[in-house]
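Going by the order they are written in, the chains are A, B, C and D; count residues from 1 in each one.
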């Protein structure tokens, strides 16, 4: 059921998103869910030491994207068309963030993915988001 | 951990929302999730026999609201401030809809609830939505 | 620039949505924006006399749908895939609601429409919403 | 009607967000709308040369935040609680982005802001987003 495993997804990130290599580490990948880690560094922080909104948005977007690719393979070029994100709690200081992405729908032209971000070791989610991707028709 | 159980929530619906009595039936209620059934009738349908968007929106809203009340009791008057909903599949014809609502955040002034709606007996969600409620300060 | 004018859209509503005839009246239609009125009746109200959330959601959805059809004509069967709605103020009691819908994007497969709902005569919006529609390929 | 003008907002950015100085330039500020420019640089780009999603999310978030501060002054510490964003078109290569933010609601505890992002010189919006901020009670 998986077209790409953890190693293939990590290689894909290196090849396609060289700017963000080092930011992300792929965790568990199953047909149901993918976990992606944001290796938090100075450049992700806002004053006060919490991870910035754009860094959390980026984490959710990359996790959701990889969750789709894990299912359909690297051939398709999916584009984010919508994201709704709730910022619910402050991330814990000094902790990496873990994003769990679940594919809720994988249609011919649209995919919908739900994500939750946690501070590592925390049990209450920091953010919740849902993202829609437009999948181009096969050539 | 529950301030209101299934019977208390059903009585609350009867008292506060007499217009929609008969539309909804409260299912399982736990601290983690509440299930609400839409007893589908002619007035919920669009041409072609599928449940209308507003009827599904209403189901998600009532389910999320009851999930919050189950946790904080009937005293607070929560107001929906935001809803983001994805319509992912057509509901099955001739089936009731079941909405599972999970409270992701229950703060002093804001609550965030995630919902999935299924056609009864179906395993793929028909809609996904997240709703935010503003909780008035205690008097 | 308009494929359907006000009269054509009203006829379309009568033909395709006989259940809601009487609920809605089409107002001004231009290439930029369409105005739709909800003729508020008892069945749209919650206790306390304000228009219900589902009735406002339905108004926004129909307005956005008609704004798309005004531009592409009645041939296409657009389906709502996402709606994000903010409930910002209570509707005024005893007033109709007016929804102004603007098409922000009209692509080959996706359309995005922004809406604002006002109580008639009011100048601050009651709700804001944005809706995405999937447009099926031409046969 | 404005508690902070363009110069005050720019000074606020320098003081509070030193990490992003140079990214943003405040444009026109009126009670109705605020314009913020993203001075596009290499670090905002994805492969292919278009501005990344997180960079556009960040632009919308900062523009909306400044639009609120322009109205209520620098005393309040507003926090983003929700964002819904539609990515509608590719940004033009080699152009700055301009974000126009309008405050739709400014309540005691919640503010809602609508934004549109354009490529400089373009007339069709690249993204649309709406953001909710929680405003802490006055001390």
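Just a few scattered comments:
Everything below uses one rule, namely that contacts are C-beta pairs under 8 Å (C-beta built on N, C-alpha and C of every residue); 3 or more make two chains touch, one makes a residue touch a chain.
Worth saying up front: this structure is predicted, and the values here are computed from it rather than measured.
In this structure, the chain pairs A-D and A-C differ in their number of contacting C-beta pairs, and the larger number is found at A-D.
The chain with its C-alpha centre at the largest distance from the centre of chain B is D.
We define each chain's centre as the mean of its Cα atoms; on that basis chain A and chain C are separated by 34 Å.
Measuring from the averaged C-alpha position of chain A to that of chain D gives a distance of 23 Å. Of all residues in chain C, those touching 2 or more other chains are 81-82, 84, 86, 88, 132, listed in ascending order. Taken as a graph of touching chains, this assembly is fully connected, with contact between every pair of chains. On the side of chain A, the complex with chain B involves touching residues 84, 86, 88-89, 104-105, 107, 112, 114, 116, 124-125, 128, 130, 132. Across the complex, chain A is touched by residues 81-82, 84, 109-110, 132, 134 of chain C. Partner chain A is touched in their complex by these residues of chain D: 16-19, 43, 45-47, 52-55, 57-58, 61, 79-88.
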